[in-house]
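The chains carry the letters A, B and C, assigned in the order they are written, with residues numbered from 1 in each.
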Amino acid sequence: MLEYLPLVILISLAAGLAVLVVILGHSFGPHRPTAKKGLPYESGMTPYGPGTRRMSVRYYLVAVLFILFDIEVVFFLPWAVMFRKLGVFGLVEMLIFIGILLVGYVYAWKKGALEWE
Amino acid sequence: MSLSDLLILLPQAFLLVWASLLLLVDLFISKERKVITAILGAAGLAITLGLTSGQWGSRATGFNQMVVVDNFSVFLSGLFTLAGLVAIVIAYDNMRRTGIHKTEFYSLLLFSVAGMMLMSAAADLIIVFLALELLSIPLYILAGLAVPRAGSAEGAIKYFLLGAFASGFVLYGTALIFGATQGTSLAGIMASIQSGTAELPLLVIGAALLLVGFSFKVAAVPFHMWTPDVYQGAPSPVTGFMSIGAKAAGFAALIRVFSLAFPSLAGQFAPIFAVLAGLTMVVGNVAAVSQVSIKRMLAYSSIAHAGYILMALVPLADPSVAANSTASALTYLVVYGITTLGAWAVISAVENADGGDTSVRDLSGLARQHPWLAAAMTFFMLSFTGIPPLAGFWGKFYLFRTAIEGGYTTLAIIGLLSSLVSAWYYLRVIVMMYFRESEAGASRAPSIQIAAILLALAVLVLGLFPSGLFQLALQALANGVS
Amino acid sequence: MILDQVIFLITAVVVLTAAILVVSVPKMIHAALWLILALAGIAVLFVLLQAPFFAVVQVIVYIGAIAVLVIFAVMLTRKAMQDDGPQLNRYSVLAAAVSLMLFAVLTGMLLSWDGANNLPVNPAVNPDTIVNLGESLTNPQGFLLPFEVASILLLAALVGAIYIGREHRAGKEEE
């Protein structure tokens, strides 16, 4: 378990720093609210419309494609670690695996799932 | 990988490659020539049928005993590919007429058939799970093929959520069985039980969870709630395929797992199966009576038929009856498959062009407008009821006989009584078609008519010569299961 | 061992609390955020089980991708932030009874198993789990078949996601 200690320290440092900064800013910073300052931040533009409007279904499609290829990458990792030992045989198996996914990629491409408009 | 491993799974592998290529090829076929996709899809299934029937009589295991090819798997694979072929014939006309001719249908159907074939050959719980997913995921999407039609979307989402829930049960059960026997291969589980190293309580819970998962798939009461909505909402050809494909695959898994891996648990599970079968028969048939929509009526009817088949799994503990009862389950699956595909073919032809729901009333007067369709539908309804000399009668005859031989006379009587109830709603369809004023219009496409007539002929021929099918089913068990 | 147990207990409490909050908070977006905490806790459990690879997968796939997908899905709905309809429907009591019964039966049977009371302490685990995984995934005598079937599954899911996720303009394209 000790090998995870650096990870724990990193996570606690990151979380602690974030909390600390917020607390510091909140307690020492000047606090003079105006109507304009209270507006939601929208990259410097004047915000318009409700903040919780529905998003386009395209975001969802992109997220789904991301998951599927993400899982594919997860399968790559154990194979990549063993790449030299598995040799040509392992490469062929992986090519089959990728080939099947490639069919899906071509399908997604041709169907316009990768295009925004 | 030795080549023999791949040869064992050649039909499945071929179908998967074909389906993937079909997906690609379809992208380059122009919109007016989509009939090519349908023909290519059917060709793939036909070749697969040839490949799989070439394996009849042999028995081999492959991939470290994860899959087994025996007559049982070939028998069911044949059923699945034929059901897929019929579904394509029905779907082509119906989808064009209702304006949902989406060519993804063909690839997804092929994927699903491949999953079912893999299920029939599964000899390892991991493969059982993967096959279950491979056959289900395309079916979820096929159920939603008519999106944005509200019913189709509703059916798809319900099917998906409950299907995922059922998969969870199967997965949890598999994990517990792995814990109990330190293996997932069915042969290994059996060996572990026989040598007494298996942890019995864990194993029993695991097996029960598997049973729950599979019961969802075959739509047994009380895990049937999704069936009416999904059958009603999904496009009719898809429902037709689903009603036999998913059910037969579920039973394939049940028979494989419960007769191969857990024969010593069969005694403990007999009362559970008996209750499931009794409930399913009664609830399915009684609920079907009051349905207005013919799609919902057939959904409840499919639940009832799952109950009849479940009856065959009750006497597995008795070795003298086990083979006969499993064979009668297989026989019934074939008979039910032909009948249900035929009935859904007729519904696909009658369905309104807007693809909305079809009520029993929509069939009124069909006999005058479309005498062939009406005649075929009459055969299917009589076969569902179990009127001799049609195939459905013999299917029920074998099931009830083995139930009585196994000492479950009460169950057989419940089955008989609920069949009587079922006569009410099946015959109502016939009355509508022949004795009501004509309202019905239907597709005049020859393909769908020929399919319906051929299936009706099959119902008749199997009814006149029933022993051949039963002998085939017995042979299907001869070199593998039980 | 004591440290392990302390970590396990804390994680278990966090995961269970987060999971209960997922199904009980009224706003869906909050439920999605609680879900992330529950998933993170599962990653810690994988670490405790000495399965670091699965811990990483849990973080990458579940927290990194699925949580994002869930949040997108919530934002697709009409009332992402102001959904405050009733949490329970009329079957809630029945559902709770059935779930509790199932839980009691499963727990009871698991406790009656002697293995639950004398689990092996610190079983020997090969440290190179990822190497073993790589070997068995590509070995025909191992898990090659499930591996390749998994890729077919991904393909089917991909086709389905694209089909369902495309914008269908009701009836216009078809006619």
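Operating definition for what follows: contacts are C-beta pairs under 8 Å (C-beta built on N, C-alpha and C of every residue); 3 or more make two chains touch, one makes a residue touch a chain.
Since the model is a prediction, treat every value here as computed from it, not as a measurement.
Novice: Whose C-alpha centre lies nearest the centre of all protein C-alpha atoms?
Specialist: B
Novice: Name whichever of B-C and A-C has more C-beta pairs touching across its two chains.
Specialist: Counting C-beta pairs in contact, A-C comes out ahead.
Novice: As a quick test, compute the distance in whole Å between the mean CA positions of subunit A and subunit B.
Specialist: The answer is 41 Å.
Novice: Please report how many Å separate the Cα centroid of subunit A from that of subunit C, as a whole number.
Specialist: 18
Novice: For subunit B versus subunit C, what separation do you get between their C-alpha means, in angstrom?
Specialist: About 30 Å, centre to centre.
Novice: What parts of subunit C, by residue number, touch at least two of the other chains?
Specialist: 144, 150, 152, 155, 157, 159
Novice: Would you pick out the residues of subunit B that each touch at least 2 other chains?
Specialist: Counting only residues that touch two or more other chains, subunit B contributes 1, 20, 23.
Novice: Which positions in subunit A are in touch with at least two other chains?
Specialist: 89, 100, 103, 107, 111
Novice: Hey, which residues of subunit A end up touching subunit C in the complex?
Specialist: 1, 4, 51-52, 54-55, 57-61, 63-68, 70-75, 77-82, 85-86, 89-90, 93-94, 96-97, 100-101, 103-104, 107-108, 111, 113
Novice: Going by the contact rule at the top, pick out the subunit B residues touching subunit C in the complex.
Specialist: Where subunit B meets subunit C, its residues are 1-2, 5, 9, 16, 20, 23, 63-64, 66-67, 99-100, 102, 104, 107-108, 111, 114, 118, 126-127, 130-131, 133-134, 137-138, 140-141, 144, 147-148, 156, 179, 199, 201-202, 204-205.
Novice: Under the stated contact criterion, what part of subunit A meets subunit B in this complex?
Specialist: Counting only subunit A, the residues touching subunit B are 89, 100, 103, 106-107, 110-111.
Novice: In their complex, what parts of subunit C are in touch with subunit B?
Specialist: 105-106, 109-110, 112-113, 115, 140-146, 149-150, 152-153, 155-157, 159-160, 163-164, 168, 170-171, 174-175
Novice: Quick one: in the complex, what on subunit C touches subunit A?
Specialist: Touch list, subunit C to subunit A: 3-4, 7, 47, 53, 57, 60-61, 64-66, 68-69, 72-73, 75-78, 80-82, 130-131, 133-135, 137-138, 144, 147-148, 150-152, 154-155, 157-159, 161-162, 165-167.
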